[in-house]
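Let me begin by handing over the structure; questions about it come next.
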Amino acid sequence: MKTTYREAMRAALREALLADDRVFLMGEDVGAYGGGFAVSLGLIEEFGPERIRDAPLSESGFVGAGIGAALGGMRPIVEIMTVNFSLLALDQIMNNAATILHMSGGQFNVPLVIRMTTGAGRQLAAQHSHSLEGWLAHIPGLKVLTPATLEDARGMLATALADPDPVLIFEHGTLYNMKGELADDAGAVDIDRAAVRRAGSDVSLVTYGGTLFKTLDAAEELAGEGIDAEVIDLRALRPLDMPTVIESVRRTHRAVIVDEGWRSGSISAEISARITEQAFWDLDAPVVRVCSAEVPIPFAKHLEDAAVPQVADVVAGARQAVGGG
Amino acid sequence: MVADFRMPSLGADMEAGTVVEWRVAPGDVVRRGDVVVVIETEKATIEAEVFVDGVVDQLVVEVGQEAEVGALLATLTASGEEASLTLTETPTAAPAPLTPARPAPSAVDARPRHVTHSPLVRHLAEQAHLDLVAVDGTGAGGALTRRDVERAIADRGYADPHARAAPPVAFGGEPGRVKASPLARRRAAALGIDLKHVTGTGPEGAVVTADLVGVTPSTDQGASPAVASRHRPAADASFRRRVALGNLMARSKREIPHYYLSTTVEVGGPWDRLREANERRPVAGRVLPAAVLLWATAQAAAEVPVMNGHWVDGVFVPGDAVHLGVAISLRGGGLVAPSLRDAERCSVAELMVRLRDLVGRARTGALRTSELSDPTITVTNLGDQGVESVFGVIYPPQVALVGFGTVVERPWAVDGMLAVRPVLTATLSADHRASDGHDGARFLTLLAHHLQEPELP
Amino acid sequence: MTDEMASGGDLDLLREMLRIRRFEERCVELYSATKIRGFLHLYIGEEAVAVGVLSALGPADAVVATYREHGHALARGIPAAAIMAEMFGRIDGCSGGRGGSMHLFDAVTRFYGGNAIVAGGLPVAVGLALADHLRGEDTVTACFFGEGAVAEGEFHESINLAALWDLPVLFCCENNLYAMGTAVARSESETNMARKAAAYGVDATPVDGMDVGAVVDAATAAVAAIRRGDGPQFLELHTYRFRAHSMYDPDRYRDKAEVEEWKHRDPILLLTRRLRADGSLDDHHLEALEAEVAAEIDEAVAFADASGLEPVEDLTRHVHSEAVPR
Amino acid sequence: MNQADARTVVLEVLAGIAPEIDGTDLDPDAELGVELDLDSMDFLNLVDGVSARVGRDIPEHDYPHLTTLAAFGAYLASPPAV
């Protein structure tokens, strides 16, 4: 079946709402407006305003309410329109969602799913282009998913809802319109394993989310130069599936991490550190990182393009790793 | 009943406090909750309360004194009753028991005592396949410490087959892939060593730099296992010298701007005289031409100080004397360049004696540290190998190296006539930071001059 | 003494307030002796609020409290021994030793914690009420917070959400006049908290928080209104803490005379006086009550002392759920 | 002294100078300097050692007769020129 990332996500929402009465969707403009990115378009007509619940502009309030509802036995899906607004709810995410299970000595779990749009690439300037999924992945108690493919857009939500603990899903804004073929019976997928999206033997390109397809394009370009790159889609930033990464690096002996987050203190730094910890003796070259420039994301197209990782940057990073750059 | 009043803890970050005011005196009656003392800490001044009813007996700590948390501040005689607040207005007989508001939990912890070990201890034990049950703990409460585990592993020695490092687990790597540190890999490549033939001693059996010591380079790509040098059991040392020398020479070529000069010297006269002198001497007293070359070099170095000394931290430091380095090739490979100290003050004969001694000890590995430390200029003599000239690499931090080739017979103009004479090529490699070509030319000219007139015994 | 008196409502209220008072007094002593560590925020002086409000709740209702929640936990029925063990950081604590004084939790009594982020518990309470609302339950979520929380955005977001969605939340603002050391007049342009709540269309009632009877009455009425479907209710409970904000607080920001003045309105004293006056309490009863409470606390301390430490091997437990989803 | 004895003496002295050599492998007609990588100092030590062992001076002008083991042996087996 032909579909888009957005439609796949909507199909997943609809399926979840049909499958379980405890599931409801809550967030800014998820109902009457149809969702800031039109993901939930049409759902309020089908499920009504109680279950497709428009929330006031109170991120901390409705994210916290999601936590409380989860504690109270519901399976809320909270949509935060964009990752930047999640900063207003960080207290609830970090101090409550991630800690209550622990603080209560295991008595109270928080089966909450929070979805949000992330990433640059749409000329939305410095307050709407963050890639903060790596930040959130810093926090024990959370799971952080970054679906990049149609299969994952379609399948991760159900698995996240089945999880007893809070799960954050980061949907890269440039992916919603991505078209492709999806199996008619596509459904739940695992959320704890990375996927090798392209096999290769010379260098491991490790990425996730919005930069997956740039990285795959780069791998094609590298193939033309005789560099056989493997592309790993992390799919989840917490937990990190390091065994898959390490297994790959042990074969290729070189790693390039592509991350739209800023370099300093990023998830790419974490992955690099773990490669060094776990596969140091297998490396033939220093780990290379391709990250966003250390600058708020600019509005002007040419500057935005320059700020975030592009295919050419990935190609250059891979060349550097194999010693030809 | 005597009760102690101790320095209260007001927070985990409080270690001690200073008594700034006693609110009570011996004999005073106090009730639970009364403020009895004012305590000053780095963070705040706090009124501290007493937790019993009673009479103050003695103030142990005076105003102005500091006391640690838990230290005795005062003693009290407690009344033994804890009637509190002012709720009980008249003492009464024993109260009738009331039904407890809720069942009180059992105060006994009946769970089996769980033996716990720190993560570090567990990790060490797992790595060594050590059963912790058999290990005695010396830590608090008999807890196992790192030292306990390490001692247990050491005590076990190698009796337990598991104690040996487990072979690296094959995990995804292609067959034949050798784990090696990046540094070891780079060095092995530079030295032409095939890592497949090196036994790694690092984590996961990885080859680390130290493992390369004693391994000789493969002569061809994919050759048979490299073996220790066939020449000598001291191959380890030899290899280590090779690596060290290689590093030193690489540094020299990287850092020192070399310039090179050469001159050809006719040595018929002096060599004839040397031969004549040797004819008169028993074998042990004979002088080799090498001694003459060293002598002439030492003389020239003394006369051209910019060739004799060290380049240190961006400046040239002239030598206080000529400590003449002699490049000595070792049997089985390798090179050392020990020094003949104060060489400019020695006669040719003295230099010969010292050279013979030095070479002998160099080749038996009996050099003194001082001889290796501080040459101010070095001579390399490849004459015995038959080459005509040598343009050497300066030993940092020295600034010059003198090379001698073999003596060959060449057509030579003498007094306007062509003749066949024995000649020798002397070369100079010099550091352009310390000297320039003019100095170098002068040095070689003086050297050639001294070669003509050795003061032979 | 009659059976009626022993089990009577007022006597229960007195017993509960005494339990909290004596428990916390023991905590001070244990803290000074380094048995209890971390922060220790005492509720002494405010007992009537927790005891009065929680007496109006049923067992299916939910409670969200703050970091000054020993009183609420005790009044809600979490065993004193489990609370004391938690203060000691022991495995038998009501949070398994993971929470400590500020994070008492109990699933049995639906006690959703001491929350140590000021106003951080309010959105959670709204969500608990939302869940009950969506499932058609008639349960109430009581949410305690200090007047300091009213300055936080989360207060305004939460009370707006609850009012907007008609959720069964009982907002209990414990106005003890100081947010740590900041007097309410120094932090709020409008010091009448009830008026702020009223601005969101929520029924708001000021209550004398030192009079446990008044608290019981107001809370009972509010809970009834919520169960009736009148939407969230707001109680502004005027109270006062007699002790410093925490153990290491020199209490510089308020007058000793002010503290002494409020102590005349000690809720335990007020109730005792009233009960003595109407003849339902005499010294015998009181002594018996004190002895009973003292015995419970002694047992709680002994239990906490005897309780073990969670094995360090289990350090990373409770980061993710171990059991199957509910 | 016969040639065999003379060669034995030479080989014994050589063993002190170049311990790694195996005398039984040494081609008697190979040039010592090249085969055994002897430099002038080694050669001086060889001549000195042999001279001391056989109690006979070996003048420098005879060095050209000492280039191989066989020649060295023959030289020592023959009476001194003087």
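So that you can tell them apart, the chains are marked A, B, C and D in the order they are listed, and the count of residues begins at 1 in each.
The rule is simple: a contact is a pair of C-beta atoms (placed from the backbone, for glycine too) under 8 Å apart; a residue touches a chain by one contact, two chains touch by 3 or more.
Predicted, not measured: the structure shown is a model, and the values here were computed from it.
Asker: In the chain contact graph, what is the shortest path length, in steps, from chain A to chain D?
Answerer: 2
Asker: If you take the mean of the Cα atoms for each chain, which one ends up farthest from chain C?
Answerer: D
Asker: Could you compare the number of C-beta pairs in contact for B-D with that for A-B and name the larger?
Answerer: Between the chain pairs B-D and A-B, B-D carries more contacts.
Asker: Counting in whole Å, what is the centre-to-centre distance of chain A and chain B, each centre being its mean C-alpha position?
Answerer: 46
Asker: How big is the gap, in whole Å, between where the Cα atoms of chain C centre and where those of chain D centre?
Answerer: Chain C and chain D have C-alpha centres separated by 107 Å.
Asker: Please report how many Å separate the Cα centroid of chain A from that of chain C, as a whole number.
Answerer: The mean C-alpha positions of chain A and chain C differ by 40 Å.
Asker: Which of the chains touch, listed as pairs?
Answerer: Pairs satisfying the touch definition: A-B, A-C, B-C, B-D.
Asker: For chain C, which residues are in contact with chain A within the complex?
Answerer: So the residues of chain C in touch with chain A come to 62, 64, 93-99, 103, 105-107, 112-113, 115, 117, 120, 122-132, 134-135, 141, 153-154, 157-158, 160-161, 164, 317-326.
Asker: Provide the residue numbers of chain B that touch chain D in the complex, in ascending order.
Answerer: Answer in residue numbers: 231-232, 275, 278-279, 282-284, 286, 288-290, 329, 331-332, 355-356, 359-360, 383-385.
Asker: For chain D, which residues count as touching chain B in their complex?
Answerer: On the chain D side, the touching residues are 18, 20, 33, 37, 39-41, 44-45, 47-48, 51-52, 57-61.
Asker: Which residues of chain B touch chain A once you look at their complex with the stated criterion?
Answerer: Against chain A, the touching part of chain B is residues 171-174, 177, 179-182, 185, 202-204, 206.
Asker: Touching residues of chain B toward chain C in the complex: what are they?
Answerer: Residues 6, 8-12, 14, 32-33, 43-49, 51, 69-70, 82-90, 92-93, 95-102, 104-109, 111, 113-114, 116-119, 122 of chain B touch chain C in their complex.
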